[in-house]
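Look for chain A in each of the two complexes below; its partner is chain B in the first and chain C in the second.
Let's turn to the complex of A and B:
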């Protein structure tokens, strides 16, 4: 078990290396020359050359690349073109707001998705099954930000129950009030994924021989469903949990834009619009790192949950 | 096929997609106005007799723009899936057929890319190439390629060991010919089924990128950039965002039910 965990943890390194390289070369392809981008089209050749030297852009690409990786390891992504502040500082300032959104979104998604998935699978082709399946299909078909717009229209603009611009308010209740609509819009979309996954996984398990055996030997149905079936059905759900969390994290980019909520997503989109390359680079790296870490964590949890998994 | 035809939802999806394609092709004949005509005194109006679905911030007819916008969504959806399908099948095929080191490298990079949400991959590519319709097609295709690679690799890996392929090899048929004539036709079934579902994903990703202002650029109407202007003007005319989002939802829903129907028809075990 220990060896398994160590190996999973060590695998983070090559993954982040590949992702880091991807981000670096994508950004170079994008910005062409960051110095020209920083100074704008009207800059003289001389001032561009001076800035290139200052930024170390006159060195060979390979050296720059290694330098970028070494700095990234230390959490140094350079300074933002727009504000001049360190990129890492700006990202970490925005991080808690995004984390808050992700947390509530995932909670809502799980709390709604898992039970509806169970109900749908235990009574297949019932009215409840059809309704929840259709709702889930609708959730999957909506663009992730559309639900947010509809919620905003109804609950913020019409009913005025929630703020239109969800800047986090002081105090726990204040925060909860401002995060509720964005989290609900993320969470409901998430619930659609989870519901479908739970349902199909549970349906499959319910057809297994050991379930028939349990029924035959007179175990009460609810005990069969929850003790025997659900435990096994949730294993594949946990595997894709990392994937769900990834989509949720990406979804915050859109949700934060719809609700005018501060956070990493808004920061990234703003940086892309302003061509603030160091900030884009840092933002993408942090998103990537978060996703890699979550996936590794899920893999490790999976090792604990599924006793049939081999650790070697 | 018979099983698919009995699936009423899926059939409705097919009809809807056909209708949409007709709307996209015959847009100039269906649209009541030119999508670029600015009726500036009627800016941001709600639905009325004159403008059935209202107008946008330049006084352009929303219904006409939605009709023309179907072109962008369908073109980006189909083109990106086609591009990703061809590239992914070839790469996945090579990976599965030759195995060894090549397979190891391709598989591990694919695994990493798979763990990234398509929106994030799409964003990365758009940042590199800049916004615009062609670049969005490439961006969306890039975000889908890992799926196709994985889908093609597995069956090819299994096929490689089958007798008829080994017989070809024994007869001296070239590797290229074996792949093109014998391997690829055998994996087209599952690939085309999943493609339908991924068209749905592609349309959603395009809408998301355009919504962020990084996709299809105005004045070309796309449902995504219409939602964007709808959100920017949500106080004066909420209908703009509502209708454009509805257009995307219905289209994606249609592709999703077709994909689900095809999958159930081919793999009846999944059905309760």
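Let's turn to the complex of A and C:
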């Protein structure tokens, strides 16, 4: 088990280098120039050229790449072109806000999605099933930013329960208050997704022979559903959880914009518009690391949920 | 038992005494407390995701200017809320005089002005340092070309500065106002802070930097020692809010007091109906296309004229909203010194003539071409409108939609036959003409700025006109030269200007901006934001 985890975590390093290299070349292949973006439209070609020189962009691509690789191996992401601040500092300032949003979004998604999925599967084709399926369909087909604006209209503008500007406020309660609406908009979409997964997975398991056996033995239905069926039904749900993280992180971009939260999403979109290469490289490498770590964690959780899985 | 009762009574008496004492103090300090309460922090919804710098000599992006303007001063300034170039006011300079040949300007500086955060007194040395800094190729300020006519800046004594020009300039004073290259920075602060000055700039203005939180806000505090008087506000918080819908909702819930608006008629009407004050600021953004006259078929005059005649300005203005936009008929936007439409070929909408010209040019059935276009809302819709206008005369323009940064890179690589552009500049014809129509500004050259048409190297050259006008001290003669330049640009159809649009800013009725937004006749209100100064206040 330990060896497995170590192996998985070590695999982060080549993954990061590959991601970083891909981003390095893709960004440079895309047209658009950091110096032009920084200096504005009325700058002369001369001052743009000088800034390119200062940023080291006039050097051969291969030299720039080697430089980047050597820095990256040392764990140094360099300095942002646009602000001159260390990339790591900017990412670590923005990351907690995004993690907070993703955490609460996932929690809301799970708390709503798993129970409704169970109810829908245990009573298939009931009114409750139809209602929750309809709600899930609505949640999945509604873009998160649109849902976000609707939530703002109702809870911020009409009821005035929450602020429009969801920039984190000091104190735990302040943070909770400001993260609630954005997390809800992210979580409702997530809940729709989880609900559908839990429902279909549980329906499948409920058809299995061992469930029929359990019923035949006279085990109470609630025990059959929650002890025997749910545990097995959750395995695919957990898998999707890990895979879905990337989508969730992407979802934060729009959520952060609509709710005016500073965070990784807005940091990266700004960096892409400004062609701030070091910041884009650093940010995406951190995302890649996060996704590898979460998926490793998911694999480990399997071991607890499903005793037939062993890592040796 | 008794003792504990006594203790309780004594404690009660103490509390009572404390309350009474507090009440007395409250009454005695009533005036001060009331003042403290009336000093609010103004919350501004800034329409950007972040700022790249707060150094005035580098701040170029939308959103940076109002922050910088609240912290810094120039030697002179425009009257607040106007672009009234006839009435430039003293600022860090108390008075000035100019030599008879118009080459040496002498400024007497205000004494006792203090830099923020204890960086000492403002002196002539700071003025010399500031202009040398903007002019230095090593520093690389984007405003370097604005000080090209300055030969030398000399500190005569601690409070006197001489600025010597290469050639007399009728707008010498305007080029020194607190805007872009005209802001004065502290020599000590810039030298000591180095790179840190970018987000911790030291100015002399009514507000001083307090905090910068990336993608969140910039917080300024009142500079109570400000030489024009202590600000009425306690401070200003600029909140970065790139999403229009969020800014609108935050204005409606009162979470921000002022905000950058959305230049859409429906937005203006909706906000006004909510009781929010919406003001139009300018000089409006000029919208135009340039034809790349080195690329066939746009090297053919008749083709350019045909395309120009096919553009329906009224439809574009109707799209933008008649309250916010008006047709533009000259290469220099209306409201800019030197603008004229007199004697210009303005290419009024005439699809019949357009078809005839196309046939004469050898394209009776029209032609097809493809351009890159930015996805930005200030670019793509206009390309789509012109796409439809040109379709009506048989010309097919295919649009290759790319992101904004890529578009700016592509058009500088000569990739387009037709270049869509819009720009707001310091409102004198010289800047627009120099940046868009002087041959030095042709893209691809080391001195390139934004001449995409290649006018100057091909078809016609108006460099001499622009340069003569720049240094012409007689305003009537200068206007004539500018008119001639505009006539020649339009005669060869190097460009087709079609619209001018105002920016919008919005505020709660309780915000008193501190000056009147009503502009003198010839010019509109200044730039794209509110300018906040020591007189700005919140009254509720």
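The criterion applied here is as follows: the second predicted complex is superposed on the first by the 253 of 312 C-alpha atoms of A that agree within 3 Å, B and C clash if a C-alpha of one lies under 4 Å from a C-alpha of the other, contacts with A are read in each partner's own complex, and residues count from 1 in each chain.
Here is the rule we go by: a contact is a pair of C-beta atoms (placed from the backbone, for glycine too) under 8 Å apart; a residue touches a chain by one contact, two chains touch by 3 or more.
Quick caveat: nothing in here was measured; it's all calculated off a predicted structure.
> With the two complexes superposed on chain A, say which partner A:274 touches: chain B (first), chain C (second), both, or neither.
second
> With the two complexes superposed on chain A, say which partner A:213 touches: chain B (first), chain C (second), both, or neither.
A:213: touches no partner chain.
> Touch check for A:18: first (chain B), second (chain C), both, or neither?
A:18 contacts chain B only, not chain C.
> Have a look at where A:27 lands relative to chain B and chain C in the superposition and call it first, second, both or neither.
first
> Answer with first, second, both or neither: which of chain B and chain C does A:82 touch in the superposed model?
In the superposed model, A:82 contacts chain C only, not chain B.
> State whether A:126 touches chain B only (first), chain C only (second), both chains, or neither.
Neither partner.
> Would you sort A:149 into first (chain B), second (chain C), both or neither based on which partner it touches?
Both partners, chain B and chain C.
> May I ask you to decide whether A:243 touches chain B, chain C, both, or neither, giving the answer as first, second, both or neither?
After superposing on A, A:243 lies in contact with chain B but is clear of chain C.
> Once the shared chain is lined up, is A:258 touching chain B (first), chain C (second), both, or neither of them?
both
> State which residues of chain A lie in both footprints, the one left by chain B and the one left by chain C.
Comparing the two interfaces on chain A, one with chain B and one with chain C, the shared residues are 30, 149, 152-153, 157, 257-258, 269, 273.
> Flag every residue of chain C that touches chain A in the complex, lowest number first.
49-50, 52-53, 60-61, 137, 140-142, 144-145, 195, 198-199, 213-217, 239-243, 245-246, 249-250, 252-253, 255-256, 402-406, 408-410, 412-413, 423, 425, 435, 441, 443-450
> Give every residue of chain A touching chain C within the complex, in rising order.
Chain A residues touching chain C: 30-33, 36-47, 49-51, 54, 82-84, 90, 93-94, 149, 152-153, 156-157, 160, 163-165, 167, 257-260, 262-263, 266-267, 269-270, 273-275.
> In their shared complex, at which residues does chain B touch chain A?
Counting only chain B, the residues touching chain A are 108-109, 112, 115-120, 123-130, 200, 204, 207-208, 211-214, 224, 227, 230-231, 234-235, 238, 241-242, 245, 248-250, 252-253, 256-257, 260, 270, 272.
> Show which residues of chain A lie in contact with chain B when the two form their complex.
That would be residues 14-15, 18-19, 22-23, 26-27, 29-30, 124-125, 137-138, 140-146, 149-150, 152-153, 157, 200, 203, 242-243, 246-247, 249-251, 253-254, 257-258, 268-269, 272-273, 280, 284, 287-288, 291-292, 295 of chain A.
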